[in-house]
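One chain, chain A, appears in both complexes that follow, with chain B as partner in the first and chain C in the second.
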Partner chain A sequence: MRSIRFHGRGGQGAKTASRIVGTAAFLEGLTAQDSPLYGAERRGAPVSASTRIGREPIRERGLILQPDLIIIADESLIDDSSARVLDGLSERTAVFVNTALGSEQARDRFRIPGRVTALDLTDMTLRQFGKPVALSAPLGAVACRLLGLKAESLRAAVAGELADLGLPEAVIERNLALAASCYESVPLVPVEETAGAMPAPVPLWTPVYEPPTVGSARISASANSPLHETGGWRTFRPVLVPDKCNGCWLCFVYCPDGVISMTKDDLPLIDYDHCKGCQICVQECPTKALVAEREQEGAGTWRAK
Partner chain B sequence: MAGEMMTGNLAAAWGARLAGVDYIPAFPITPQTEIVEALAEWCDCGAMPARFVMMDSEHSMMTAAGAGAATGARVFTATSSQGLLHAFEVLYSVAGWRVPLVLVNVSRALAAPITLEPDHNDVLAARDAGFLQIHAETCQEVLDSILMAYRIAEDERVMLPVLVNLDGFYLSFTREPVIVPDPEKVAAFLPPFRPAHLGFKASAPHALGVAVLGGTPYTYFRHQMHLAAMNALQVHREAAADFERLFGRRYDVVEGYRLDDAEDVLVMSNAFATKGRAAVDAARAKGRRVGLLRLRVIRPWPAEAIVAALRGRRAVGVLDQNLAPGLGGILVQEIAATLYHDPERPKAICSFIGGLGGKNIHEGEFDAIVARMEQAGKAGRGEGPVLLYTEAEHREMAQLQVLASASRADR
Partner chain C sequence: MPWQRETFKKIKQIPREEHVLPGTSLCAGCGGLEALRLAAKVLGDDVVYVNAAGCFTMLAAYPFTPFKGSWLYTTMGSAPAGAQGVRDALDVLIAKGRLPQRDDLKVVVLGGDGSTYDMALSSTSGAIYRGLDFYYFCYDNEAYGNTGVQLSAATPYGARTTTSPCSLQHPAGTIQEKKDIFEIWRAHKPPYIATVAPRYPLDLAEKFARAATFTGPKLFLALSACPTGWLYDPGETPEVAKLAVETGLWPLKEAINGAVTHTYLPKRKPVEEYLKLQGRFRHLFEPTKQEEAIRHIQERVDAYWQRVTV
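Entry: the complex of A and B
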């Protein structure tokens, strides 16, 4: 059996990518299992998905703790401790990072032991679509290639999964083309099978009663909005082109997080500490005065600007 | 006789008043309304310095109660039946927030069909929410239990909300002598609420009961609630001892009546336990060695006290004033499971279902219960669930159905 863990931000397509791999393996006659894990928050929040493929019945469930392959949809996740993308990593784990850096550079920059592969999927997607869209097909393609699944299985899986999502035929065609080119371009690092060692027995531990300051689910640290800065969730930032803005306030009205305020001159002021980069303002802006600009160096760069 | 004539509802309101509660979010429902009315009037005329707010539903009421308690205020509220069910979603939240408020439930059977009189399917539906549950037999006990409830809820070893239950009509609108405790003694019994882990303030936002993704933190917090509920047994013991010292009345998690030499024991809860005592006396007069065990605290489940009271008996008869369709009685299951591991467990457990929707339990029915317990004890084999329903009641019901079909045919 081989196990693949996908990490992305809500909206990037990690879940669908995990399904594409599951379906592709299934179409090749392998046994497959895929399952996403995500929480209360949506766009931009760290999410993960797990896919297991093998020749025997799969007797595991849920999140993969010791993956054979980790697919990271966004380099900013590596520095986000809540995303836990490198959990269970060993020297035999293959890691793929979607980044503008080369494989060697990525391994050094992110201090990942083991075998790192990198490719700028976002750039390839932007060139194909001209705008930021979900990376499901590219992520799925990369994983299929690293796992040695066939190009035609990938093609059928992408077509099937994207059709299930209700995407129009023309969009699916462009995704297929994109998937094929990602499949061809990714530097090859073969993924090893999980060693079938029996897990060691685990001693049970029963917690004792602790005072409610400890034992009740109470968080008074900076994890609470508005003290918690969610700007690091962003992969694309909305940027104002002041000349085009007619001061209509629509971005202010539509912002689901209330992070756009209006200046005295009726210009939008974006609180980048809390903007999750959902791009609803970009979509709603009637004069295209707000445009999406890629966050180049991952989480934290927004501080510098 | 000492005290004054008072309904169970008014006794509940007095409990809140003496406890010096700060905040009362309220919503009325029969047969609980009198509690809300009394508190509203007292707050209005200045007899109580509490903040009283009418809410738009029990769901909002319970949310407000939990949030109020999270600021460190002492909070009281009350509901009944469908109202408790409407608040149900919030019960689990509030318990998970570990806020020590007191909720009075005036038991009333659940719809449909609709009735205003009591049984315990409402309160027992909430038995796994994380609220502790105290079930009162008398109006005096209603008042006293509310004071004890705050004392237990606010203890650092517990910090869970407490539900105090009283039966609709049989207590809510029933007057009997109630001694109103001296406020100074109450202050000694129930010191001001100074929570270490609560204190919601607009200036310092924090989150209670936040999303914890993954089962590991969830299991830890859930298990802490379990340990807190189990701690309540010890805290109840201490509170009961203090209460007895100050007020002269003793309350235990379970209460035995003529148990010492009893061969067969009837297990009951709430107001009808008073009738159960009379039935024990009647059976004793006929030479039968029968006793009664009243379950007063249902959560935490007082397993040790129950085993101690029922160990070595010939037969046990559990009278459930509830009906779980497809199962039978609720409490008999918990009693049976509790006794199973005891090597000296009773030879037979009988299950009786009675008093549904406030239906009376006749002396004759108690007679039948005692006879069937004796029979089961001798045979070494329990029975049930046995529905307490008489031939006369069946005839009356048949007549009603004839009348109902006749009116249907008229159209």
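Entry: the complex of A and C
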């Protein structure tokens, strides 16, 4: 049996990628199991999905704590401690990162022990679709290739899963082409089989209940939500071209999260610690003074504090 | 004489100060949050928010809160009852002199369309009947968005949700019509009801400023374009909200003591322009265009405007 854990942000397609791998394995006569985990689902918030495939019936259930393969849809997730992307990592775990860095660079930059492979799926998707859309087909393709699943199974799985989501045929065709090229170009690393031994049983944890006055959630602090940073949700960030700004306030007015404030000279000031990268300001700017730039190293890069 | 804005005439009159702070876990590009943030700029900080379960649960997810004031969390069906309790407590404290009048607070219910149109309808009806002095802010994203986009009584005809998929039996998706909650409220004769959309910030701010002059139940129905549930890019939220109004599907109006005024008369673009932008209506255009369903939506809008403008 091999266990694969996907990590992405809500909307990036980690859940669908997990289904694609399960379906592709199933089409090859293997047994498969997949289960996503996303709590109160939010576009941009960290989500994960667990997939197990094997030749024998799969008895294990639940989250994958010691994955054989980790697929990371967004490099910014690695720095986000709440996403717990590298949990259960060992030297025999294969890790795929969607990043503009090469495999070696990614290993050094993110200090991942073991086998690291990388490919810039976001860039390939941008070239195919002209805009950042869900990465489910590329992520599924990469996982299938690393697991040694056939290209035909991948093709059938992508077509089936995307049709189930109600995508039009033309879009599915372009996803198939994109999946095929990702399948071809991902650098290979070996993915090991999980050893046959059953994992040690974990003792059941019994919660201790406090009296309601202590145990129930009561927020006594005022306006403390800025302590919770959401800057890591971005794939693209808005950047100001000061010469073009006419100080019209529209970006400030339309920003849902209120992360744009206007200076005394009516120039927008963006709070990158909290900007979720929804691009409303970029779309609404009448003079194109705000442009979307892919989230990369730089002054505005969000880092977990 | 057309409707005139009295307080908010220019975009730079929108207050700079923020009353809903960033750091919440709501989706990127949330139209409901956009509307709430603009509303809070007029409401100010002296507010108790009574929040029915829904997407806005994520506003004050423990231990963080984006509000400077208080927040009370209730079940989906009981936010107006919670508001009654808060209002009564404030009134009693003020009457007894334990709270100075200047420390009085506004009571604002935050409810999604699921709670507003369905579950909380009876407790809302009771609260209006008792003449409770409160604001009801409904962020209407036309589905149960928080649980994965299921059909609600606010889902419009033709939309695809996870519980109203388009099938051989129902190729057009949802066959139910959206409940007219505006008229349900109006039948209760509250002093003030209004619809707002985040793309029209001056209209929105003006309505909140006006409502402040009335004592009693006040409803705000905010069109909350939802990138996650309506399946469009988060950056297009204002565009979607704008087209909902410009096509006439989301009339901007207010009712003062029952008398309805439309605060903006759209030129009425064809509804197709609005539907086309969103994935939840994609099945109406692909693989075959469902002319009849689109015509049905258009005719309903036409009939509405014919009725109200004659």
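The definition used in the following text is that the second predicted complex is superposed on the first by the 218 of 305 C-alpha atoms of A that agree within 3 Å, B and C clash if a C-alpha of one lies under 4 Å from a C-alpha of the other, contacts with A are read in each partner's own complex, and residues count from 1 in each chain.
What we mean here is this: a residue touches a chain if its C-beta (ideal position, glycine included) is under 8 Å from a C-beta of that chain, and two chains touch if they have at least 3 such contacts.
Computed from a predicted model, the values in this text were never measured in an experiment.
Novice: Once chain A of both complexes is superposed, is A:Leu126 in touch with chain B (first), chain C (second), both, or neither?
Specialist: neither
Novice: Going by the touch definition up top, name the partner, chain B or chain C, that contacts more of chain A.
Specialist: C
Novice: With both complexes superposed on chain A, which partner does A:Ile58 reach: first (chain B), second (chain C), both or neither?
Specialist: Neither partner.
Novice: In the overlaid three-chain picture, which partner chain does A:Arg42 touch, first (chain B) or second (chain C), both, or neither?
Specialist: second
Novice: With both complexes overlaid on chain A, does A:Glu210 touch chain B (first), chain C (second), both or neither?
Specialist: A:Glu210 contacts chain B only, not chain C.
Novice: Quick one: is A:Val239 in contact with chain B, with chain C, with both, or with neither? Answer first, second, both or neither.
Specialist: Touch status of A:Val239: no partner.
Novice: Could you look at A:Val189 and tell me whether it touches chain B, chain C, both or neither (first, second, both, neither)?
Specialist: Neither partner.
Novice: By the touch definition at the top of the document, which applies to A:Thr230: first (chain B), second (chain C), both, or neither?
Specialist: Only chain C is touched by A:Thr230; chain B is not.
Novice: Which partner chains sit in contact with A:Val291 here, chain B, chain C, both or neither? Use first/second/both/neither.
Specialist: Once the two structures are laid over each other on A, A:Val291 reaches no partner at all.
Novice: Across the two complexes, what residues of chain A are contacted by chain B and by chain C?
Specialist: Touching chain B in the first complex and chain C in the second, residues 40, 217, 219, 221, 223-224, 226-227 of chain A appear in both lists.
Novice: Using the touch definition from the top, list the residues of chain B that touch chain A in their complex.
Specialist: Within the complex, chain B touches chain A at residues 96-98, 156-157, 159, 195-197, 204-213, 217, 220-221, 223-224, 227-228, 231.
Novice: Show me the residue ranges of chain C that touch chain A in the complex, using the header's touch definition.
Specialist: For this pair, the touching residues of chain C are 11-12, 14, 16, 18, 20-31, 33-34, 37-38, 57-58, 60, 62-69, 71, 146, 148, 160, 165-166, 198-199, 201, 227-228, 233-239, 279, 282-283, 286-287.
Novice: Over in the complex, which chain A residues touch chain B? Could you list them?
Specialist: 37, 39-40, 206-213, 215-221, 223-224, 226-227
Novice: Given the complex with chain C, which residues does chain A contribute to the contact?
Specialist: So the residues of chain A in touch with chain C come to 10-11, 40-45, 131, 166, 168-169, 217, 219, 221-230, 233, 248-250, 253-259, 261-262, 271, 274, 276-280, 282-284.
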